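The first chain written gets the first letter, and so on, giving A, B, C and D; residue counts start at 1 in each chain.
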Amino acid sequence: MKGPYASPGARRVKPAGKPSKRALQALLDGERFIRPWGFQVESLRNGSCTIRLPFRRTLERPGGIVNGPALMAAADCAMWLAIKAHLGMERDALTSELNTTFLSPAIREAVLCTARILKHGRRRIYGVAECHSRTGKLYSHHTVTYVPIEAA
Amino acid sequence: MKGPYASPGARRVKPAGKPSKRALQALLDGERFIRPWGFQVESLRNGSCTIRLPFRRTLERPGGIVNGPALMAAADCAMWLAIKAHLGMERDALTSELNTTFLSPAIREAVLCTARILKHGRRRIYGVAECHSRTGKLYSHHTVTYVPIEAA
Amino acid sequence: MKGPYASPGARRVKPAGKPSKRALQALLDGERFIRPWGFQVESLRNGSCTIRLPFRRTLERPGGIVNGPALMAAADCAMWLAIKAHLGMERDALTSELNTTFLSPAIREAVLCTARILKHGRRRIYGVAECHSRTGKLYSHHTVTYVPIEAA
Amino acid sequence: MKGPYASPGARRVKPAGKPSKRALQALLDGERFIRPWGFQVESLRNGSCTIRLPFRRTLERPGGIVNGPALMAAADCAMWLAIKAHLGMERDALTSELNTTFLSPAIREAVLCTARILKHGRRRIYGVAECHSRTGKLYSHHTVTYVPIEAA
């Protein structure tokens, strides 16, 4: 990350292992199966991450409703990023459970998804994710469990 | 099904409202957001439906693992078809809850998903779906709740 | 509730149908199957309710851990009261789904359970419940769906 | 299982570590918090266990409905016994997740609960449990995850 001429005291924007928003966006963009959704990292906070699913005609179910699997993918990705932000880029985790309740349809609009870690254990990372509008209307609610991958 | 004196043009392949495998495949193919997964209807039984997710490089996570959202989409679609087969094409239902547990990774291979209705109520249709290999190895287990849409 | 000689301006502690903490406690105490847990109503807020499960030796699993079914019963009851507080005493609802994740053991101590309604629809009431200590340590996390019973 | 020279009185009903129905019943009866439900072990099969919740007036909700926490406790216990039968008495596991969907009320009647292990991993044991009548009517459906406790 450090450029070739960085002086010894050059600023280290983040402590080692705490990835930036840009690094997380690059992670999403690097996964071929995620790219079609076009998720954008919106914000990062301690143990929490918000991404945005832009509206596209290809996401629509009849009636202009954003399809359910797209919201579940958003929940999965938002939690993944919240965990990467917490663990650091060099460590990873796999989804173990993802429970979804659909509450209201999102109709022809961008959807935000905010994931928040509630418990970070050695064997399990658990949190909630919510798909919502910019004004806070709730579209879906998720609980997500990830299992850390042991360092090789 | 055909009576003994049925005239040549009288074939009724299915009783009204019980869609054929071909009709369900057309339903899947007609939904733009489902098409990228390329699901194929494999078999239909009373209250149960199996679809196939062909393996594609674009489904891979690192390690060749079929991505989780694809399995959740398969569970959602397989249950949708099981319900359409049960209710008839003219009636529809929306996903209300979908709980997923990932059990083993599917690695560079086609995945079958079998959904089965356990309870068909007036206000709720509940069932389980399993993603599995042709030989019965279990990749993920899902419970799915759909809510029938009232006839307009 | 108003006595026979109440003057015109007599205080009406609650608007009709918004039950008091005492009324909700009486509701709990009136249900024979709930009584053994000894739940106490702690606080009520808009769409939210906290109850307390006092520690008793009869709740212990080996190791002094408060047993899991007691936490699930707490989640179910706390959400029920949050809904009664919202709908009014004369209307009722039945549990339809209850998902639980156990996060940390509660060991020989009282447990608080706070339920909060996230979505109140005509056909479904959805919320989360958390069992926690007085200092905020999380023991279990639950999502709960209730279905309103139609007025007869 | 009996060796060739086993004397008549030497029967070893079960291989070491595979507990009998009687041993599992004693386990249930030994847990103070479980005793009030009066669960009876009905049958054991490979990876599966059925218990019975006898009807008692103290289980009733208004309308004679068997209360939901009792069905969740049954699911938790039936899966616990299925796991003990599989792992052997000397090893144990703790409930990590328990998802419940209530499907039909059980009204003033005994309830059977059958749990079945679907996946037995090193870090997680996953299965389904169903509360049902003797004739197969389904009252509730559960998915249950247990985590094995490492040998000390």
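Following the convention adopted for this analysis, a contact is a pair of C-beta atoms (placed from the backbone, for glycine too) under 8 Å apart; a residue touches a chain by one contact, two chains touch by 3 or more.
Keep in mind that this is a model prediction, so the values were computed, not measured.
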Taking each chain's C-alpha mean as its centre, the one farthest from chain C: B
Copies chain D and chain B - interface residue numbers shared by over half, same or different: same
A-C or A-D - the one linked by more C-beta pairs in contact: A-C
Superposition of chain C upon chain D: rotation angle, C-alpha, nearest 5 degrees: 175
Between chain C and chain D, centroid-to-centroid distance (C-alpha), Å: 28
Computed distance of Cα centres, chain D from chain A, in Å: 38
For chain A paired with chain C, centre-to-centre distance based on mean C-alpha positions, whole Å: 32
Junction residues of chain C, two or more chains touched: 96-97, 99, 101, 145
Contact footprint of chain D on chain A as seen in their complex: 96-97, 99, 123-124, 145, 147
Chain C contact footprint on chain A (complex, rising order): 99, 101, 103-104, 118-119, 121, 126, 128, 138, 141, 143, 145
Chain D-facing residues of chain C, complex: 31-34, 36, 57-61, 67-70, 72-73, 76, 94-102
